[in-house]
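Pasting the structures here.
Note that chain A is present in both complexes that follow, paired respectively with chain B and with chain C.
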Partner chain A sequence: MRIAEHIYREFAAVVGERYISDKEYILAGDRAKTPEYPMEYHSADIIVLPASTQEVVEIVKLCNKHKLSFIPFMTGALPYAYPNRDGTVIIHLKRMNRILEIDETDRYTVIEAGVRHIQLYPELRKRGLCYPPAAVGPGGSVLANMTSTDGSNHVQHGFSRANRYLLGAEVVTPEGEVLRVGSLQGDAGWFCPDGPGPSLRGIIKGYSGTHGQFGVITKIAVGLSAANGPAEIRSEGISPNHKVYMDHPYSRAYVFNYPHIQNVCDAMLALGEAEVCSTVQKYFYLPLTLMMTNSANEFWEKWEGGYKDTMNMPLVIHIAARTQKEFEYEEKILFEVAAETGGERLPPELENWWNEHMDYFMLVNRLQSVLRLGGGWMPNKIGADSVQHMCDVAEAMGEYIHEYTDTGKIFNAPESYQIIPMEYGHFAHIEVLFMWDRCKPGVMKGVGEFRARSRQEDIDRHFHSETPGSLMPATMDLGPLYSNYHLWLQRLKQSFDPNNVSNPMM
Partner chain B sequence: MLFPENREQVEAIVAKAREEGKALVPLSSGAPHLHGASVNPQAETICFSRMDAIMKIDRRNRYARVEAGVTFERLIPALAEAGMRLNAPFLPRASKSVVASMLEREAVVVPKYQYDYTDPLLNVEVVCGSGELFRTGSAAGPGPIEELKADMCLPWGPGSIDFLRFFTGAQGTMGLVTWATLKTEILPSLSNLYFIPADMAEPLVTLANGLLLNRVVDDCVILNRVNFAAAFADSAQEESDLAVKIPEWVMLCRICGFERYPEERIAVYEEMLLDACAKAGLSALRELPDCDGLAGKVNTMLGDCDRRETYWKLRRGGEREIDFLAPPSKTPALVDILCGLEGKCGGDLGITIQPQVQGRAYRLEANVFFDGSAPELPEQVLADILPELHGNGAFFDRPYGAMARLVYRDPVSTEALRKLKAIYDPDGILNPGKLCFTGR
Partner chain C sequence: MDKLSDLRFTMESCNHCGQCKWIMPAKMHGWDFSEMCPIHAFYHFDAYSGQGLLNIAWERLDGKLEYGDGLEDLIYSCTACGACDACCKVVRDMEVLDTIYALRADCAEHGTLPASLLETAEKVQTSHNIYGLPHAERFAWLPEDFEDDPDADTALFVGCSAYRQPEIALSAIRILKAGGVRFKLLREDEWCCGASLWRAGMVREAGELIRRNVETFRAHGIKTVITACAECFGSFRNGYPRFVETDYETLHISQVAAQLLEDGKLHLRQAEPLVVTYHDPCMLGRLSEKYVHWQGEIRAYGLHVPEKQWRRGEHGVYDAPRKILEAIPGVTLREMVRNKECNFCCGAPSAATDPELARWTGEERRREAAATGAETIVSACPFCREALDGDSGPDCVDLCVLLARRLCEEDVQ
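Let's look at the complex of A and B:
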């Protein structure tokens, strides 16, 4: 389906001819790139590139007028960013890419939707400030990270998730009005996400993102914290053979391998109680080995040559202190906790990889490496609760995952999950990253079986290890298990988007 | 007044109120009710004082789950017994409901633990105005609460909505919270208290901003002379005596050590504190001059509620207050505006400045203490100052009474809040007339 010429002209009048297209070869560039996800994908009818909030307002109003759906789009990392029906307008926000303000005293930055991590993060770091960026790579949209992904990150042990850093927001509602959230609503600037009274911030992002189902978020303020370590980061070489250093006397990465996830749990909680270390993370060994190698052949050589056994349960630590005394204090507690909990430090040749790839603790830039083994990959579970609960979820997975890893249905890496504590061990999230060879005939059947089994096991065990997402058909099945949240979600959607045009998935 | 004992009774009360078209207003704390959110002549009061169970204290995962009627005077010692503390407001009333305080986003004394304005509130169970039961975050499921294995401590969701936020700052207009999960912290095994005196608030505000950026201090609160004396004296005479000995402004802060090497932790951060003070031309004192024994008393009271017979804000008989949030850059000017009320407001003017969310904002509270006989002048003076504060960057995030008219001026966001209200309380039975919600 293509929209009528006169409608096209109305959109073109808003953004200008240069920033609209219905050309097949343009639209093809913004179609789903993850066909393994079991969704129905369509091509957008047109793609428009607004330059301002006012242009977004006019586009949204046109969509309502002509009964067209719209999807706000930046990097397209998630499948929900792509049309699931005909009659859809992609509102590509990449022209709205200005850093509007960096307030060092009040510790927030105001950005437009198109600002990418690589644009913002270094600017902040120069000022001794930072925020917790998701591990999506330097090209990821900061706003999408804060509002539409789950917001987990590698530094959340000390920082927390992105949720905590999303402050005031400007949203073009599904009906085309400009909604100002938090202190903006009270004409008091961007610093506070809540109030006056009940907080409208609740409709911007929950555990997961709303994926554009409640309008287009055009600007946000992001809270900032101190960035310990050097203001500028030194790098050597050219990707993928590059190294990134954090030249600072009080910055160092450590890796301990553990015999069992419950030992890891004890270590995470002890380090959290002591409020030490800036990163504490049980990382997944399969993506790690892929990141540590530069070819499939090298991967297999290392994986089978000992990496799999040597670091199957790695606890990755980063200390980023400000003084020698603080560094020594944190290191002393780290070593004590590791000794108490059974952590065995990795040999220097493995641990040093981390100190030569410190981008991991800032903007991870080697993620593409994880696609090397045939390209099939999927994060699974992605729930959160206490550190203990997440570790119990991981332990329980050992009771059924071998049916899939031992039989070749998915890659044989049964401990390939990460658990990252937040807020010094008050909570943690889990992510199982499993992989498969997309070229293998019939592989998707086994992948589907594992996903379904994983979900069912957690439901049967009443584990909060997989949170349901935004409003979509699967929500109707899961909602009754989660306090009937699907009913509230439907009511909110009907109330705020009466024409069901804002990235409808139902 | 209705006194439910459990969730089922709350559900029945809401169902009956809907059926009969009666309004309800929740009440969880003992008197006095200073802000008036729980006072509504249009509504029948549903009092949660009998729902006062401390349901769970989990030391390993650092949280507590309490019913709505649990007060600070009960929870604080119960947590201490388990080796934990609550990040609580500054010297709250002993009879104040912990859940009510957290729902109202009251300021807390340890800003470094506060990652968000809703902290330390994590999750709630709520009977909505529609009569439906709902649990937020990881308390939502999967399955019935009796079978749920999660610790129910994750605050976000379920799914793509941050439902918890709809019930905070709501003054009971969206639902009736039956219990809440609260984040708790390790009880320090050692702590050093510091008094940082100043003639003006501004250098202390700047100092706190820098200290909290680097997580140097634990407890942190700035008080003017009037509030310092009112808070820490046990009688009117002692208050008068203390007021002449103390400086115009004092920042109280503590550095704490925990189970592992507490002395070393304190030494690390004390060095940073003293360095920051020296750069700011300020001094961090372990005792205030001529105030022997005060440090020990302050140290104890900072981690507790006010257990004295008369609440510190009511020693004179009457008190009126306003509070608001401000970013650090605007705080000094707003303090100046408040100080301009001195001598005009019909009583003594106390001011408390509390850094929040790791120092990215401050909650300012102005208290007028008077003998209780003529509240009209302080009420009028505080009402008159609101537009000037608003014009200079004050954010009235918790608008009580007439303040609502000042803050709900933006038609789009006000209409959005009314949509929320219509979803959660379709018959308008919960605390009608409050915030931007007109009566039924």
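Let's look at the complex of A and C:
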């Protein structure tokens, strides 16, 4: 037993014996196993599975009383979800998994933390509604994505960042108070994210999520959009060769390859200016080849066999129009823009992959296949600024990334970054998904060098492309680039969480 | 059988994405019926899932976790349904279920197996069936006037379920006879297929039985084994090659019957309309792909040299049972949300080790079946049939029983 028996009993009295454990093999299930991340991990002392906000409140109060840290936990795919010190309680929110409301008239849904994309998305689609799922894959928690990531997603050209869809929220503060954010506070419903005064949503969520440092978010409302296309999604085939179609006459995906990032940039800006297409993204060719193949060996065959050259700078487009006229108009503009900017359309066998995998646009499905090469990966940068700014970041990366790709320190795919415009080109997001050979001894040294270089180049060039995170030591460097946000965050953290028990990452 | 040390690459590749717990996106339907792992859905802790078991296996491999205190119970609550494996393999090159098997083998060697498993093993060894019933009565249900073809190189392997559900065996015989298939029964030479041993990690005991059974097939000149039980089917195709070279073909009765129907050799009579749903047994579906041992090197970035033949659930038996149901006059098939390679287990494999979990799993599956509006659940495995039968709601019938009942009388003469 890692914590004293009498303390364990107090927690057990809250959730019931069935929903608490300190057994080593149960803790092992949530012990971090990401050898590639250079973090010092610790085991949780206990895991509790509350069923209600009230239970979360009581757990949080007990943590304060006994000076135990706590971490709200869902899928556990990201490193900051794991205990970073001894004496930590994992509050696993998966039993709080209800869709509480779907308001079709005012277009929002209210959900608990345990609801996954794979559950919510089809439920909404049945009602002609949807939202932009963040790029984590179908098993990710919608609430965690909306509140603890930057909310970048693959359909944000026609939608926006997922965090703009976050409306009212219910939060258990680090000391165990229930905070109702936005219109919810005045019992006026869930539809509005902010109330009078400073944005509480901004404090608990901020730019990229505070990862449980400001308590436990138990319920949120998500703003919804109309979904073009059928209510039920047609699929065929047997895994891994599923095909998923959007049976809709005005839905179609297109892929163009470009000679240079500036051409891509021009195309993105032109499509944004014309306000056409629901998805526009310069995709990364390494994950793309992985998504299009069914094994690491097939990947290597296709990658070496020409994919990396044919699709080294692909611009993926999805048109989801409402009428024939609208569809024809958007397609006409798209073809004109592609012709003007030097986009070369991929052969049908490559482009059709997208039309046969429309679940990508709905759930960002198959994204996890980027890890098919065995792990050793990291999404890097993940910041946002103007479209041109992000393309400049990408171009600048070409000046130094070869020192790492050509020497085998990281996978040799120097253009494996994606840039996705948001809100019709208003701004854009960049993500460099780089990989390394996890099994190679000493490989982390080179990985660390690349990360440090990437960050330093951004600081030196005043680029806003590295993610300002949550008081992680590396992101302290970035604070000055972002209005010294880290100092504000520290002050807020101290006042909200005097005992420093809520996922104390620092 | 692989050992834990053979599976380190899998353990280290998992990033807790959680897809092993959730329905494959191509089958997404809504909030309900979206969980795939019975133990996770029931116990909720991540340790109870493919992902959690990988973590546990890794800690065992590195000597960081000891048996005792209930770890064995966790390991054997898992129904070994392989949903985690299939869901992970949509996007990964990992062997989740093989790691669970290897963990069981490790547990059998270093831990304390649950008493119910040891009892079953004892029964199999002494009585050659999982129930501990007299071996001499294995074929007691066979009609006196039954005649098989002693020269046939095809055997109908009846399986241990013959003791408890002889109607399934009799139906299989009626179908084969009606279709003019030449076959024989192994009678006193037929012993348990060993599914409960090899799937529980009892490697030594399973190996002995499996080698003995393969020798028996050879001694009888058997080239094709037909089974009416998914556990036997999956064992012959997926389990046996882990222990011994196999030189026989395995067919499930549904594959044979579907072919007979297509060839016009079976004739079916009209009957009352019946709305059914079909439950894919794990061992007939995603877990029935032929096991091909891979030995080689995993090079940088996952390159397997020589190339590995992955089992992702793609080549399970899914169409044959559905073709039969579609061919039966009056029968309407309504699919459950979790179907084919994405089916939800019936819970039967954990009936002895975790009866509460097994009961809940069966009920959950019945709830899904009822949601289709079906009057009857059809399965193609005696264990599933038993697990999915309930007091209220849809009844559960075995596929070959349903088919045999609908054969024209003149065909059955």
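Here, the second predicted complex is superposed on the first by the 495 of 506 C-alpha atoms of A that agree within 3 Å, B and C clash if a C-alpha of one lies under 4 Å from a C-alpha of the other, contacts with A are read in each partner's own complex, and residues count from 1 in each chain.
In this text, a contact is a pair of C-beta atoms (placed from the backbone, for glycine too) under 8 Å apart; a residue touches a chain by one contact, two chains touch by 3 or more.
All of these numbers come straight from a predicted model, not from anything done at the bench.
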item	value
Partner chain(s) touched by A:A274 [first = chain B, second = chain C, both, neither]	first
First, second, both or neither for A:N241, with chain B first and chain C second	second
Larger contact residue set on chain A - chain B or chain C	B
Footprint overlap on chain A, comparing chain B with chain C	none
Partner chain A, residues of chain B touching it in the complex	60-63, 105, 115-118, 132-143, 147-154, 156-171, 173-174, 183, 186, 209, 213-215, 258-261, 264-265, 267-268, 271-272, 325-330, 357-361, 390, 393-399, 404, 407-410, 412-413, 416-417, 419-423, 435-436
Footprint of chain C on chain A - complex, ascending	19, 21, 23-31, 33-35, 47, 49, 75-77, 92, 94-95, 99, 115-116, 118-123, 126, 136-140, 233, 235, 237-244, 294-297, 299-300, 359, 362-363, 365-369, 371-376, 411, 435, 437-440
Of chain C, residues touching chain A in the complex	9, 11-19, 21-31, 34, 44-49, 51-52, 54-56, 58-59, 65-66, 69-71, 74, 86, 89-93, 298, 300-304, 307-308, 310, 312-314, 316, 318, 340-342
Interfacial residue positions of chain A with respect to chain B in the complex	103, 105-108, 160-161, 163-164, 173, 177-181, 183, 185-189, 191-211, 213, 223-226, 269, 273-275, 322-323, 325-326, 329, 332-333, 336, 383-389, 392, 423, 425-427, 458-459, 461-464, 467-471, 475, 478, 481-485, 487-489, 491-492, 495-496
